[in-house]
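Read through the structures below before going on.
Each of the next two complexes has chain A plus one other chain: chain B in the first, chain C in the second.
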Partner chain A sequence: MAISRNLGNPAPQAPRRSLINDPNARAVFFQILVLGGVALLGWYLVTNVLENLARQNIATGFSFLDREASFAIGESLIAYSPANSYSHALLVGFLNTIKVAVLGIVLATILGTIIGIARLSSNFLVAKLASAFVEIVRNIPVLLQLFFWYAVIGESLPNPRQALNPIPGVFLSNRGMKIPALADDPIWIWVGLSILVAIVGVWFLARWARKRQEATGQQFPIVLASIGVLIAVPLLTWLAGGAPTALDVPELQGFNFRGGSNMSPEFAALLVGLTVYTSSFIAEIVRSGIRAVNWGQTEAASALGLHRGTILRLVVLPQALRIIVPPTTSQYLNLTKNSSLAVAIGYPDLVSVANTTLNQTGQAIEAVAIMMTVYLTISLGISLFMNWYNKHIALVER
Partner chain B sequence: MADNLSIQGHATVSDSPSPAEMVKPPALALGPLGWVRANLFNNWFNSILTILILWLAYKVIPPLLDWLVFNSVLPGEGVTNQTCRASGGACWAFIHEKYRLILFGLYPYEEQWRPILVVLLIIGLLGLSCNRNFWRPWLLGVWAAGGIVVATLMWGGILGLPFVPNTLWGGLPLTLILSVVGLVVAFPLSIMLALGRRSDLPIVKSLCVTYIELIRGVPLITVLFMASVMFPLFLPTGVTIDKLLRAQIGLILFASAYLAEVIRGGLQAIPKGQYEAADSLGLSYWQKTGKIILPQALSITIPPLVNTFIGFFKDTSLVIIIGLFDLMSASKAALTDPAWRGFYKESYMFVAFIYFIFCFFMSKYSQWLEVQLHRGHKR
Partner chain C sequence: MSDTNRTVAPRPGDEVAIELSDVHKWYGEFHVLKGINLSVARGERIVICGPSGSGKSTLIRCINRLEEHQRGKIVVDGVELTNNLKNIDAVRRDVGMVFQHFNLFPHLTVLENCTLAPIWVRKMPKAQAEEIAMKYLKRVRIPDQANKYPGQLSGGQQQRVAIARSLCMSPKVMLFDEPTSALDPEMIKEVLDVMIGLANEGMTMICVTHEMGFARTVANRVIFMDRGEIVEQNEPLEFFNNPQSERTKLFLSQILAH
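On to the complex of A and B.
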């Protein structure tokens, strides 16, 4: 009875908790405290900055970007002269960063993959050589390596008058590598466009071939066909344009070369240094990725009667790539960020140009903000793309 | 008995196949020849590679040895830069001439026993900390005492030691101080950042995520530029901080973001049951974190922490760009002497060797530790 009566009564009210013990109230209070602290710090720093700038008579804002840069840049992908604005100079620097980063990523991937596979080789010499390479390169700062390559190129190679000439038309000197360039002709733009068209065409062809195989079981020699398309389309365009073969060959005039295209010693040193350094990290990633694929997978695939190449392409690589891609992404990001070391050897990348701008105008905050924003954007861009790719190849779980 | 035994013994001998029946493995499958066949010439592709490598070695190694050893110039009586230039080999006399500058920078010549002691002390402390038996609270005390001794030795000014301003510090001690101090200060900061990133409080979490991703998204150089050109603007009028401290703060800001990600990995590796068990015991957040989660998380993050330390140690070489005189910078400074220009290979190799020794041992240690720490989890 007593129990039933008790049940009928409204439950005794929970004792009122004081706000101090209420987790929600504490969370809100704590966050307000943190936010307040950060805001206070920010306000303090901003007031100090404004006061200091006012004292030094430096105007804030980005209006300086329109002023004349009046400094020369050694190499540029787009037309540039010292009469151009600071914003144009920064764009030149940005493009130079992109140039070395893209080439470096491609070359480091190739070299890293080769070395990673070499470390797994059954050939004792090859495996040991690859391990020695990885151990030495990984344990020396990349900046030191850049200095080394730069010194090797700058001090070991002869001056332009005694330039090495390993292949006709190619000259190696301490001013860089001179190679013959294709003489200006409107047809080259069309050839470039036709390569793009061919790539798109091959993509559709591969899609069609896969669909057909899924539907009918008939295979299509897609590799041969793709190579054929990739060669034939640009070749036909070139022939249609009159097949120009004129070359702009570098020639020694006075103390330097004229004509041809040039690979500067700074660019070469940066490219070689970044490629070698990053490839040692990629090699380790590739090695662990391949080793992580169970040997039973290969055996099972060969028991099903697949060829060695097919096993690698359809069984081993898809599984290894899933392990390889995420850490490789961060290596690509590292390479891009390390390309900022260009400033130490004088390659005009973004940081180098922004640094010159900073020294000329005194706009420290704006210049550093530009550098950071650009790198953040590049980093975010690469991670977004690699996340998309990673999702694309990730295990489909059912 | 004896007869019996001997008969038995005799019987076993006669049972074994006679030498004529025993088929030996082919000579090529045994001994050094067998090893060469199995490891160097096991198929046509490997054979080609082996021959190619041997040919390259024949082309590269003799000239390299000539340069490194046979034609090299060792320091000695009457050896000058002219001897080196004439020899065509490596000029180790150059290293002998300049090693004090490369190792200790512009530190006053007579006082250089102090940076030597500092380097030995820091290496000793690092070595001591490598031993797992010493991972006890008193180790913190040892480090604190070591820090005081290092500061006293480097600055001086008391105990009869002449005062040396930190603008004169350089070389290896500076590299070691920048990396060790950077890491020691960044460590607690990074624990807070990692906990903040895993926090349920949205504002705290977003602040930590923003900071970590911001720093990790930009190159170290831009952080150092920020430290060197923007920090003076941040401070109230009249207050200045010197270049070394600014670089150190920049390095700390940078390291803390990377360490935070390593520690977050450790925090995520702790099974959820540990959090729940701590909650069900009624522990507060800080009790749970301090007594249950962090001790486990930190001990599994030590190998990746060592790897981060290696990266950070190499990255301190970037302070050359904002004009500090670290090991890297000193090796370049040694080359600016007009009498000894052009011996960059020797200078860079010397410094590369020092960096290599430190990084190589740390990476081997981290691999060894990983095996040690995982022993308990293996069956």
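On to the complex of A and C.
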């Protein structure tokens, strides 16, 4: 097309300039250059690794996953022994990662929201304390904070023999926190089910309350009622089952505790560290989200006679959430990725287990590939969910 | 100054809707309201004018406690405004306010904007609240926009929704803070028409505005404020034709010049 146009144009330098100076042609050229470079580098790395592996007699591929792991893992959500396979060990690590990430996200959201709102408080002391927390916490590298919490738990708590016993049955020591576990009894399954039933019940109750308000205008104390239902239903189930009180209480035997369930110092340090660090960022996001909602909105709602809580819930938060959700998503992703720092304090997360696997088998590429795939999947999952949620609340407006 | 400040008291026998006596307010060191005395009778329509920064907004915002006064007494419909939250609630339920920048809730439809307070403050069934909302949306002549969002309306339409939103609470008093000064000229009339309609129905109104045509036709009384004081007040005809104080004359010459 350029040529046909140039036929009618006698200017001699026009055709030459069009190729070198054409931004599209340039862009394509540079993209080809970059792509070629990357391909070359990739080829070099892969052949190199394959050569090295061949020299060390290590087979490539994922067949090693079925071999016996033969290393112990400090804590696990599922049954595990060193006789299990590498794939089982990696699953344990994966579940440990999920455990700390999910709990961390929930706790960081709660703590961050509270601190973010506290920074907006008209109470000078509350606002300043919250500001100080945010400024200190978010300006110290998270790895340092993990070491700090690990040291606090490991150094400041006594050994199991002198364990602190703040509540009967609960023991705090440098081996972690021991709490009584529920003794085996079929009733606990029913109590668990009844909690599910209660949650569904609360959902129906909320629907009924909304319908009734629409029909009659009467308001229903839904928050109090929900709490009541959530407590009463499991409690009644427990009473109906004969109210068993048998507990598996931790007991000191020799140098450590027997029985009960345990929260390890590594897990506690990681959870506290990630929660505190991430909550400082979420606090800032919440604060700026609420601040971004024009003050005139609150004034107009007050002038109509609405109360503070109602204004926050029905006017300010729906508008603030749209600002808060996208940056909070990246904080959730950060927390999940930061959980891989667990390896530094010895919590057996996915990276830690994969690292041990790598060292034992030499299957570097495969181990790293597994880690990357898992983190990518978790991250994409969080992103997808938060995007869906964002659309959901955006739809409320338009 | 006191000779120019002829108090036009509510006619005897008239019920008093709002009573301000010696109201003072400070923003830190800055004395915004310097002893305001004002009595508004039920059904009275008052226009407040004055230079920017003279305390007009602050004054009417004290009447529904969006601002707190530090000295003096404000009684609205027999209820004194103190720190008592019950009193503040009672006053806000009965006093509507329209803002310069509309302050509609952007995440709610026009209809939901109007039903929010009746449902949550008056505890009204939704159907009834919607019926009332539609009645007032018809009054301000935009019932067909009920299911749109504020962002989809013109400025004039938004301000009319804001008026309807206030009316849905059946207020006894309406406060207007420069309701037309953020509007394009061609939209001012549609909002003023709605306000004139309200006035004709006997609504007690306090209106901060520089629309002098509106003041002439609608107001019972025009108040001129400067530097936190009521400098002069009079019936519109007298006020415009025969201003007493130099400050009023200067202000009127500036405002009528364009």
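We take it that the second predicted complex is superposed on the first by the 327 of 398 C-alpha atoms of A that agree within 3 Å, B and C clash if a C-alpha of one lies under 4 Å from a C-alpha of the other, contacts with A are read in each partner's own complex, and residues count from 1 in each chain.
To be clear about the criterion, a residue touches a chain if its C-beta (ideal position, glycine included) is under 8 Å from a C-beta of that chain, and two chains touch if they have at least 3 such contacts.
Because the structure is predicted, anything quoted here is derived from the model rather than measured.
Student: Is A:319 in contact with chain B, with chain C, with both, or with neither (first, second, both, neither)?
Tutor: second
Student: Check the residue A:213 against both partner chains and state whether it touches chain B (first), chain C (second), both, or neither.
Tutor: A:213 contacts chain C only, not chain B.
Student: If we overlay the two complexes on their shared chain A, which of chain B and chain C does A:164 touch? Say first, second, both or neither.
Tutor: Neither chain B nor chain C is touched by A:164.
Student: If we overlay the two complexes on their shared chain A, which of chain B and chain C does A:235 touch? Say first, second, both or neither.
Tutor: A:235 contacts neither chain B nor chain C.
Student: Based on the superposed arrangement, let me know which partner A:40 touches: chain B (first), chain C (second), both, or neither?
Tutor: It touches nothing on chain B or chain C.
Student: Counting only touches as set out at the top, which of chain B and chain C does A:53 meet: first, second, both, neither?
Tutor: It touches chain B, and chain C stays clear.
Student: Touching A:110, do we find chain B (first), chain C (second), both, or neither?
Tutor: The answer is neither, since A:110 touches no partner chain.
Student: Does chain B (first) or chain C (second) touch A:299, or do both, or does neither?
Tutor: The answer is second: A:299 touches chain C but not chain B.
Student: Between chain B and chain C, which residues of chain A are contacted by each of them?
Tutor: The overlap between the chain B and chain C interfaces on chain A is empty, containing no residue.
Student: Under the touch definition given earlier, write down the residues of chain A that touch chain C in their complex.
Tutor: Result: residues 213-219, 294, 296-297, 299-307, 310, 314-315, 318-319, 396-398 of chain A touch chain C.
Student: Taking the touch rule as given, give the residues of chain C at its contact with chain A in the complex, in rising order.
Tutor: Listed in rising order, the residues are 64, 66, 89, 92-93, 95-97, 99, 101, 103-107, 116-117, 119-129, 149, 162, 165-166, 169.
Student: Provide the residue numbers of chain B that touch chain A in the complex, in ascending order.
Tutor: Touch list, chain B to chain A: 39-40, 42, 46, 49-50, 53-54, 200-204, 207, 214, 216-222, 225-226, 229-230, 232-237, 310, 314-315, 317-318, 320-321, 328, 331-332, 342, 344-345, 348, 351-352, 355-356, 359-360, 363.
Student: Quick one: which bits of chain A touch chain B in the complex? Just the residue numbers, please.
Tutor: Counting only chain A, the residues touching chain B are 27, 30-31, 34-35, 38, 45, 48-49, 51-53, 55, 121-126, 129, 135-136, 138-144, 147-148, 151, 155, 337-338, 340-341, 343-344, 351, 355, 358, 364-365, 368, 371-372, 375-376, 379-380.
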